[in-house]
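Note that subunit A is present in both complexes that follow, paired respectively with subunit B and with subunit C.
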Partner chain A sequence: MTDDTKSALDAVDEGPLPSEAPGDATAAPGEDASDHASVAAIIAGFGDSVLRHRWAAGRQAVVWVTPDKCHDILAWLKDDDGQRYDMMSDVTAVDYGGGRPIEVVYQMFSTAHKHELRVRCPLPLDALEIESVCDLWKAADWLEREVFDLFGVTFTGHPDLRRILMPDDYAEGHPLRKDFPLRGRFSRAEQTLQALNQNVDRFYLTGDMDHGAPQEVAEAEVGLIEAESSDGEGE
Partner chain B sequence: MGLSDVLPGAGPTKTTGGIFGSGSPTFLTSKVDAIINWGRLNSLWPMPFGTACCAIEMMASAASNYDLARFGMERMSFSPRQADVLICAGRVPYKLAPVLRRVWDQMPQPKWCISMGACASSGGVFDVYSMVQGIDTIVPVDVYIPGCPPRPEGLIYGLMMIQEKIRQESLTRHFEHRAEDPALVARPKAGPEELVGLTGPFGNSTQQERLSDGVAVKVESASTDDLLS
Partner chain C sequence: MTTRTVELNVGQSREMGVGGGGAISPIAPFDIPEPGIGTENMLINIGPQHPATHGVLRLVCELDGETVKKVVPHIGYLHSSFEKLGEYRTWNQIVPLTDRMDYLAPLIYNCAYVMSVEKLMGIEVTERCKVVRVICMELDRIFGHLLWLGTTAIDVGAFTPFLYSFQERERIYKLHESLTGARITTSATRVGGMMADLPEGWLDSLLEFLDTFPDTLAEVHHLLTGNQIHIGRTQGIGVIGAEDAINYGLTGPNLRASGVDYDVRKDRPYYDYETYDFEVPVGEHGDCYDRYLCRMEEMVQSVSLLRQAMARLPDGPINVEDPNISLPSKTDAMSDMESMIHHFKLITEGIPAPEGDCYMAIEASKGELGMYVVAEEGSTKPIRWRVRPPSFVNLSVIPKLAEGHLISDLIMINASLDIVLGEIDR
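After this line comes the complex of A and B, so read on.
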């Protein structure tokens, strides 16, 4: 491994450059995004909650906001006539490693005004909790579950916050964290054993054959899952 | 060994009006093994378990250009109950491992398994937390097809190797060949030592440890008793 490669890997481990770190008010020259209409409006309305802002990747406006006001700002961005960000394209997160905050990223699009906006919200590792935006955008449901699954961020007020990609009883943690080992925490033997001990029946929606109303089907499946999990404990 | 050895009195019989003309035999003798194996190897019904790009090549194999039907495999069986050979085409994550195992357990004997491509055979480039490191840890594999993905010729060659394997089988040794321990149904196929052997860092450029940041971890491998209980 050459020195160049090594230093590049070290940089990954140390996280973003100081100028990119959240909370740093001194954005590089020419990166001030306050000429974006929505960014200017957020600064005017929620100035205390805006950590910083910048242009990224060409014409992509990014705003960093504090977690306590994040839901309020997003709700205002969705409902205000001048903004109308009615499409939540993506909810994801980034772990920069090195004990830095995990940033939750909201990528939004306004179909009315044809505006794009990215809102980022840094969460310190000891307080990985943020208010869910499922009440604003239905699209955020599974996206927030994914962030919860892979990063361990808790979304308060989420109607159904459980793992979505990894198995329900996955015990090794949250795989996209920087401190998560590439091959997982358990040995291959343990991983294989746990995988084969999964209850395959819960992969199938067994209630949809005989039941009529969707609500009944949903209730039947909830009952099924509870019954199976209690069975599993008994084994 | 002809039929006449098995069934007293059986054998070529002189009759009139046979297919080869007057006085020729109206039946031929053969080995039971040969007939049964001939029937089996020319009517293999594949159970396609396609999870990734290998499945595209598998579909191409079945399509008109390569035409698996030439070998009696035109009927892709999407139910394991009517399938003879499991073609696992693509990477298998741990979440899918019990499904693969159940599909295999549901297939009736005699059955064979093909591991198609690098990922199914060894995990391939996916030496990560979520991926089964070779489906032979989950189910018994008869033929491994290398490639990323293998070309349709590769899959057809692998299926013809299955045919060759069937051709060598004998009814007298059938149960020896196809024996399956009921206690191992829905259990890992690989032995504990084999599974533990997959744990070590091999060929991975990061050489990453499983321990990290003092998080309580469970590194000890499952004991032999756990794996076989």
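After this line comes the complex of A and C, so read on.
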């Protein structure tokens, strides 16, 4: 593709001016969501830690909180009788690109009170670390692993923070970050080379199990097989 | 020498006796002397290429004899980075990515995605479109449950329900094909409406399906629900209590089998679900058998919902009449200059969205399906498009459910969770 064509396509990518989409009166986003009971309660209890709050599209309340108090606020939202957000529907993150902070998003629902709330927590790129909520909701286990895998956010206190969708030895970084190119960081040749040179045994001798007994046995067996095969070659 | 008690759990059946009399197989606890040699736990790997894992799921199990001590699931073998791809596509171009996630119930994913985008943009779709989408979603709920039914039954040795359910699925495939032109990768929805209105005679075909499908379902009920082998393999297996189920984020039939009455259609209604007359089946034991019963009843409820939706289907346009969102008709685009320019601009530029984010939860066949879209002012592509896949969260509970059960029960537990790896790995 020539540079001219590419820049023309990029211009198309930028898109047209915003049109006037038909408005929905109830969905009008505003900067003030303090009439949501939970939002008002968070402001009352953790006023210093609330960065801002708003009604998002579809009349969904969103609160931005600081990372240092995020775990405390979520724990309070789960255990307080008036809130009872007992279901952690989703944990994810948003990278806006351009050096802006990555925001971790918690989507919660209360099965008792039937209300929902979204908590967002911006993390500056040089301090991508936040306390895990795995101790509160078991559902956060895999969801946080996914955010760690795809965005590189470290969840302190997580019992098993490993990559989940990408391979354990994936060396190209965190794919959903905006600075990650669509085709990956390595060239196709390098990617193929890495795939071919993988140590296949490693996938069958995982360190998954805490106590080492089965793993040691398996490793010993593999050693035996390798020794036998090398003997065979010698003859 | 130590001894341990072994219970042989043999099924009982009065029909099985010789000469017409009742025959009761013994459930006999007896003592087997344990050999005086040391044993070691065994590490066994199931999958990723294994028919009983229902996709490219890999389970690494630590076994003591046949008892599962620990399970570690490994996922990601089908990872296609749909969410990243979505960031490079305009709103409507993402629709084909969605049906490739849950390819067992593609129309639900099509609908859920455009619903979240419409909510973000504040678009109110037409009444006809709402009802058509309800029809699509309920049809695919049956579609998804039927695959679960067939494959789960085959996992416990019952082959016939597999044939019955796949015969019925074939009829839904044909309905898909005449509605969208594709059997699996439907891509039927567009922002602001549908790709096309229902084709002529489609509702008659659907009605024909609805008339005969309950008979097949009743036959499967007859084969499985009171079947001693099926009961023995499912009751009391993989039990999870209500509080744990909520804490683990289970949704859909898996959660309701544990006695939690949570259905997005009832608790956060969309598309006038509150005006339909249907019941949400809730179990009480939280085991594989209750999950089975919940799904069987959901299919019956979906048939009723489909009939209600067909009865109330209004006439009128299926797409919103907004030139910024809906394409002109193909005839106009090919014959009229302005329409062609309009068509071209809308395709190349896309639909601009307002700044904001939106999480739209709907009840998919596997549980709460959340679509989270984030946009900046005027962006024609999402900044972030996140799918909250129900089976991803449901699968994460399997180490807890399988612990202490036999390895054959692990297969049943895995099947009863109704996972689809396309949406887990995305």
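Convention: the second predicted complex is superposed on the first by the 164 of 235 C-alpha atoms of A that agree within 3 Å, B and C clash if a C-alpha of one lies under 4 Å from a C-alpha of the other, contacts with A are read in each partner's own complex, and residues count from 1 in each chain.
Simple rule for what comes next: contacts are C-beta pairs under 8 Å (C-beta built on N, C-alpha and C of every residue); 3 or more make two chains touch, one makes a residue touch a chain.
Since we're looking at a predicted model, the values are computed, not measured.
**Student:** Quick check on the superposed pair: does A:Leu196 touch subunit B, subunit C, both, or neither? Answer first, second, both or neither.
**Tutor:** The first partner, subunit B, only.
**Student:** Quick one: is A:Phe186 in contact with subunit B, with subunit C, with both, or with neither? Answer first, second, both or neither.
**Tutor:** It touches subunit B, and subunit C stays clear.
**Student:** Identify which of subunit B and subunit C touches the larger number of residues of subunit A.
**Tutor:** C
**Student:** Using the superposition on chain A described above, determine whether A:Met166 touches subunit B (first), subunit C (second), both, or neither.
**Tutor:** Both: A:Met166 reaches subunit B and subunit C.
**Student:** One more residue to check, A:Val94. First (subunit B), second (subunit C), both or neither?
**Tutor:** Second partner only.
**Student:** Does the superposition put A:Pro175 against subunit B (first), subunit C (second), both, or neither?
**Tutor:** In the superposition, A:Pro175 touches subunit B and subunit C alike.
**Student:** Go through the superposed model and pick first if A:Pro124 touches only subunit B, second if only subunit C, both, or neither.
**Tutor:** neither
**Student:** Which subunit A residues lie in the overlap of the subunit B contact set and the subunit C contact set?
**Tutor:** Common to the two interfaces on subunit A: residues 166-167, 175, 180, 182.
**Student:** In the complex of these two chains, what residues of subunit A are touching subunit B?
**Tutor:** Spelled out, the residues of subunit A in touch with subunit B are 166-167, 171-173, 175, 179-198, 200, 203.
**Student:** Show me the residue ranges of subunit A that touch subunit C in the complex, using the header's touch definition.
**Tutor:** Touch residues, subunit A against subunit C: 12-13, 15-24, 27-29, 56-58, 60, 62, 86-90, 92, 94-97, 105, 107, 109, 111, 114, 116, 118, 137-143, 146, 150, 163-167, 175-176, 180, 182, 204, 206, 208-209, 213-215, 217-218.
**Student:** For a test of understanding, state which residues of subunit C touch subunit A in their complex under the given definition.
**Tutor:** 40-43, 45, 60, 62, 70, 72, 74-76, 79, 81, 83-85, 88, 119-124, 244, 246-249, 260, 262, 267-268, 320, 322, 324-325, 345, 348-350, 352-361, 368, 370, 372, 374, 376-381, 383-384, 386, 388, 392-393, 395-397, 425-426
**Student:** Can you list the residues on subunit B that touch subunit A in the complex?
**Tutor:** Within the complex, subunit B contacts subunit A at residues 94-95, 97-99, 101-102, 127-130, 132-133, 137-138, 186-188, 190, 192, 195-196, 198-199, 204, 206, 208-213, 215, 217-222, 226-227.
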